[in-house]
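Next up: the structures, one after another.
In the two complexes that follow, chain A is the common piece, with chain B as its partner first and chain C second.
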Partner chain A sequence: MRRFLAGRLAFALALVLVAYVGVYLLTGLAPGDAAGDHMGSEATLALQRARLGLDRPLLERLASRLWQLPTLDLGTSARFGQPVLALVAQRAASTVQAGAAALLLALALGIPAGVLAARSSSSVVRHGIATLSVLLLSLPALVMALLLLVLTSGTGLPSLVLMVIALALPAAALLERLQARALHGVLRDPCLTAARARGVPAAQVTWHHAWPLSVPAVLGLAGVIAGQLLSGALAIELVAVRSGLGLLTFDALQARDVELAAACAAAVALIVSVVSLSADALQLWLDPRVSIANDDAAADGYPAR
Partner chain B sequence: MKRLASLLLVALLVIVGLWWLASDRQAPGTAELIATLRSEPGSLNRLLAVDRASLVVSQLLHEPLVRVHHVTQSLEPALAEAWTTLDEGRRVRLTLRSGARFSDGSAITADDVVFSLAAAYDPRVASPLVDSLTVDGAPLVARALDARTLELTYPAPYGPGLRPLHALPILPRSRYASLVTDGTLAAAWALNAPADGMVGAGPFVLARHDPGVAIHLARNPHYWRVADEGTQLPRVGRLRLDIVPSQDAEMLRLREGQADVITSELRADDLPEARALAAQGRLQLFELGPALEADMLWFNLRPPSPPRTGTRPPVDGRAWLRSRELREAISHAVDRASFINAVYRGAGVQVSGMITPGNHRWHASAIAPRPYSLAMAGELLDRVGVRDRNGDGVREDITNRPAQFTLLVQQGHTVRRRAALVLQDALAKVGLRVEIASLDARGLQERMAAGTYEAIYHALPGSDTDPSGLMEFWLSSGRFHLWHPGQSTPATPWEAELDRLMTRQLSMTDEAERQRTVGQAQTLLDRELPVIVFAVPRVTIATSARLTHVAPGLLAPQVLWNAAEIGTR
Partner chain C sequence: MRPTVRVGAWLLSLLCLTAAAAPWLATSDVATQRPDLALAPPSLQRRVLVNRLPPTYRPLDAPLPLVWFSGRLVRSADAAEPLLPLGSDSLGRDQWTRVLHGARLSLGLALAGLAGALSIGTVLGLLAGARHSWLDSGVMRLADLFIAWPALYVVLVLRATLPLSLSFEALFALMTLVLTLAGWPLVARAVRAVVASERARESVLAAQAAGATHLWLLRRHLLPAAWPVIATQALLLVPSFILAEATLSFVGLGFSEPTPSWGTMLTEAINPFTLRQAPWLLAPAAAIALVTLSVNLMADRHDRG
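On to the complex of A and B.
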């Protein structure tokens, strides 16, 4: 188990590094640079480029940044004139705050809805939940946020609440679909058939026996849900008036702020990796079979899952 | 045990979540003035400001020697209460206002002005103000005569006089001299820097910054300005600048009374709703007339690369794209009235040049837009060999290829995109095919600088109304000489003439003569049409009804330029 987690940790660090370098190069190679687009002369522009370090080749800038990375010196943002690390940390905190609250809300809505959709005897309930989930999943995050903004305007609803709801609803829909399918899968397990044959009440079979067995399948996609929450954050931050990592990334890309854009991408990769890793660890803790399966796979010469 | 631990974990997370939600609530019933910004400023110092948000906030924190009155567009005293022009405009003697103080209570002296000007020229600061403060390639020289008097010496007679100084923030030497020397001035004025390290002479001081959410300003108790009735300004105690990244969200805030002022004028699509809200007494609207900034169409007029020596030059089938006749034909082919209806929903004015009627002093009213005439447009195109040779409704160039070009517009800019579609339709009527491609603003600028485009529909970055602020556009060597920037020598006789006229007007101290010369330059520009302007929108500003003493002008920031005077009911 430790080897498995160590492997995932190494993968997460590599992912963060790849995201950083990739976005650094892509932003640096995009047309235009971070020097101001004001009505200035070539000479003034050259001075500003020199001040921002843009007069050095991109690869040289990247190499020196990577050299300073172990000390967490991510440079200074050309757009905001502030240290990149502090800027990203502030905004990441805001996004994680909203994302965590949205995840909680999504779990609170999605898991019971999934169980209900899988176990309800009423086809109206089953189909109703499934249709609502598909509808929520197919609505773009921006449309969802605008819809909520219009519906709640004048209510004085704080921007964080608006953002949490807009982020949580599609995630809840995804969780509902995952939960319903996972539950369908485990209900055919012989242990549950045996429990029903012994006269255990249906609700107890569902919540005490079937649901814990289905949780690992849902947890396995935690990284995907975290990614969905982060990608939805940008669109929602635009209308919910709450500047987090999404809007900061947007600003950085628009301003061709290479250091900031790369750091934002690395932060997003880090958050998704941490969520995935935590979900894996939780899955291992809840279901020892996963650990055994990984150890068996490693012993057979196959890579652990 | 595991189940209990899981329950406790979930409960803990819910409690933390609720605490977060509670901490987000804003204090209700605040009596401050609330405005919006589209993004956070890059710097709070005008010496370093380039983005629009920085320009707005730095105007609130700093005070110049003179300021541009945004309604009259003329210069008026600020920290300098009077000045005398000497030696035929080569020297100006300024007297500072008695008792003027910085926000830390220290007196503003002539030495601080000398320091601030020197800081603007310091290469370690790399200030974008350098260009406007440079005359004939040399800096202005400031000399303190006593604590309240200083003398400015110009390298040559300079028509705009003190005008460029409206952007120069006056900073205390005692505070910032060492920061300029060690190159850390920018860090001291970054948004995350301590507020007590920011000393200016503007109406407000930085109180607090909520990253990504709002900038809170408080009244500067030492601000010099006093209202006509004797009230010490600023009238409001606090000013909050909320970061609202989209105009849709800004409009919602204005409608719901959560913002008093928004970043820019109303969009044509928002006007009907705003008028209804004004009728209900929830908003006040100000009609300011034609906008200052014009969107324009221009073609890449750089000559093609010369052929290698000894080889015969190939037939240039695209030469018609650089012809004056094409530009003239386009100007005739677009029905400006329909253009206004489609692009600005009827709220626009037909114009012919890039100095619009909104620029009261410098607009050449004698130049009229070209009449709408498809026949004239067709005749002009025939003249450059662009004809419909196969009768399919699309003209062909001299190499028999369809006459088409790619028009670049800014991605996400609804009005320009709409205008590009109108142009596409209008030009199809005279047999020209237009492909529209979108790029973000930086990409567009890069294409323009590299000359890798055929046509662009865009605008110049905002500047002052005085033509001296647009020299990078007018001069053939300029970076914003849109159609052919950065020329070492003027490529055409008319560009040489444009250079001559615009350089001459800078040295004219007689205002009327200067206006005549700039008028001649505009006439020349209209004759050669390197940029084609069709119309500009009429500007309508909306503020909440609770504001008093609002005097919006066309120059940005339209409302907050006199934030000190604005009060609440």
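On to the complex of A and C.
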């Protein structure tokens, strides 16, 4: 178990490093640079390049940046003229805040709905939830945000609320699917038949016996969904006029702000890694058999987006 | 075949047929701007502009003179007052015609990206699954790195670091490349999982014992086993590709005006004030939702039961 988690941790660290280096090189090699946007003579351009340190070769810049990485010195953003670390931390906090709220909302809606869809005795409820979740899944977050924008324009709904709802509803529908499928998967378990034979009420069988069995299966993919929610959504940030990690990455890439773009990528990778690592750890704690069967579970499927 | 799957298949074929027949179904020209008809509502009546800002129209008692089957399915005989089945955008262009032509571009790009991602993913997945070698671990580590990142960031970084202003053909090829690069790891991983389990079956061992060559095994045993997985992956990738194109164009990194794609058209819908005046600007969002819905219905079979 410890070896499994150590492997995951190494992969997470590698991911962050690869994201940083990869985006650094890609942005650095891309046509144009951070000084290129300004109008001016060749001399001022050269001066600007020297001020931003762009006159040195890309690999040399990357090497010195990596050397300073342990001190968390990520350089200064050419686009915003602020320290990269503070900028990224601030935007990441805003993104994580909205993402966490959306995740909680999605879990609060999706999990009970999934259990109801799988176990309710009323076919109206089962089919209603299934239909609603297919419809919600078909409204990508970008479309959902635009739709909410029309419905709520003039009501003065805060942008945070709009963003949270737009992120949460499709995620809730996906979680409902996962939960219903997981519950279907465990229903034939002999321990549930035994509980029913002992005369345990149906509701208690569902919630006390069947649901805990289905949690590990949900958790495996819920980690991926959580990572997507918490790492920012460019289009929704644009619609909701609420700047987060997605918009900052976009700005940095457009301005060819190498240091900022790389730091944003690393921040995204860090968030995703932390989320998936904690989902793994939680899963392992709930069901220690996972570390053995893990390779099969990983190949099982992935969410639509 | 379950009824939902059939409905989804019908819906998707209908949408594809509509896109294919776009020049015949269109009611007007893609690029013609009519400033007098900015944000005009859908109407079968002649209308008169009452107020220029915001544009408000009053329907007149006279119906539009419609001509059927004259080169197009239906159009207005009076060139000054075109038939606008879905209203017009802020430049007075026919929204219905643009949604139709946008469908060709968005669906065409999704298909091109799909072809690339499926072929590369299948080949690499087959090769990786067929025998344990450096290729297996190398390809799968690379795929894991791609998958661990939120897909939209992969697309965003790849697109933003490539040249921005290009001719239409080069842009289409580039977007296809970006979608291919973002999509292949998912296909490769799913194919590899199936192939690796299939390879351990007795039938394959028997064929091997009978002297089957490596190529024969790939062609006659492993690839046929992988087809269902490839089909599922294709279904899952279509909506994410369409959404990726829409998001890229929406933020200005994809296709640009005056080429109509669903993403470029949605940029008009970002202003809440305009959107309240003209909710029909959301037509491309509805189109995206319809495609996603049809694909979700078709994929339903793999989800439940």
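Rule of thumb we're sticking to: the second predicted complex is superposed on the first by the 278 of 305 C-alpha atoms of A that agree within 3 Å, B and C clash if a C-alpha of one lies under 4 Å from a C-alpha of the other, contacts with A are read in each partner's own complex, and residues count from 1 in each chain.
One rule holds in what follows: contacts are C-beta pairs under 8 Å (C-beta built on N, C-alpha and C of every residue); 3 or more make two chains touch, one makes a residue touch a chain.
What you see is a predicted model; the values in this text were computed from it and never measured.
When both complexes are superposed on chain A, chain B and chain C occupy overlapping space and clash. By the touch criterion defined above, A:220 reaches neither chain B nor chain C. Of the two partner chains, chain B is the only one that A:79 touches; chain C does not reach it.
With both structures placed on the common chain, the touch criterion links A:137 to chain C but leaves chain B unconnected. Once chain A of one complex is fitted onto chain A of the other, the partner contacts of A:128 are absent, as it touches neither chain B nor chain C. In the superposition on chain A, contact of A:112 is made with neither chain B nor chain C.
Of the two partner chains placed by the overlay, chain B and chain C both lie in contact with A:238.
Of the two partner chains placed around the shared chain by superposition, chain B and chain C are both touched by A:30. Touch criterion not met for A:53: it reaches neither chain B nor chain C.
By the touch criterion stated above, A:7 is placed in contact with neither chain B nor chain C. Note: residues 30-31, 146, 149-150, 153-154, 238-239, 254 of chain A belong to the chain B contact set and to the chain C contact set alike, using the contact criterion stated above.
Here chain A touches chain C in the complex through residues 11, 14-15, 18-19, 23, 26-27, 29-31, 130, 134-135, 137-140, 142-143, 146-147, 149-150, 153-154, 177, 180-181, 184, 227-228, 231, 233-235, 238-239, 246, 249-250, 253-254, 261, 265, 268-269, 272-273, 276, 299, 301-302, 304-305, going by the rule given at the top. Those residues of chain A whose C-beta lies close enough to touch chain B in the complex are 30-33, 36-45, 47-48, 50-51, 79-83, 86-87, 90-91, 94, 97, 100-101, 104, 146, 149-150, 153-154, 156, 158-161, 164, 237-244, 247-248, 251, 254-256, 285-286. Listed in rising order, the residues of chain B touching chain A in the complex are 2, 10, 13-14, 16-17, 20-21, 24-26, 28, 39-40, 42-43, 48, 50-51, 123, 126, 128, 130-131, 186-187, 189-192, 211-213, 242-246, 248-249, 252-253, 255-256, 439-443, 445-447, 460-461, 463, 469-470, 472-473, 478-480, 486. Chain contact summary for the complex, chain C toward chain A: residues 4, 144-145, 147-153, 156-158, 160-163, 186, 189-190, 192-193, 236, 239-240, 243, 246-247, 250-251, 266, 269-270, 272-273, 275-276, 279, 282, 285, 288-290, 292-293, 296-297, 300, 303-304.
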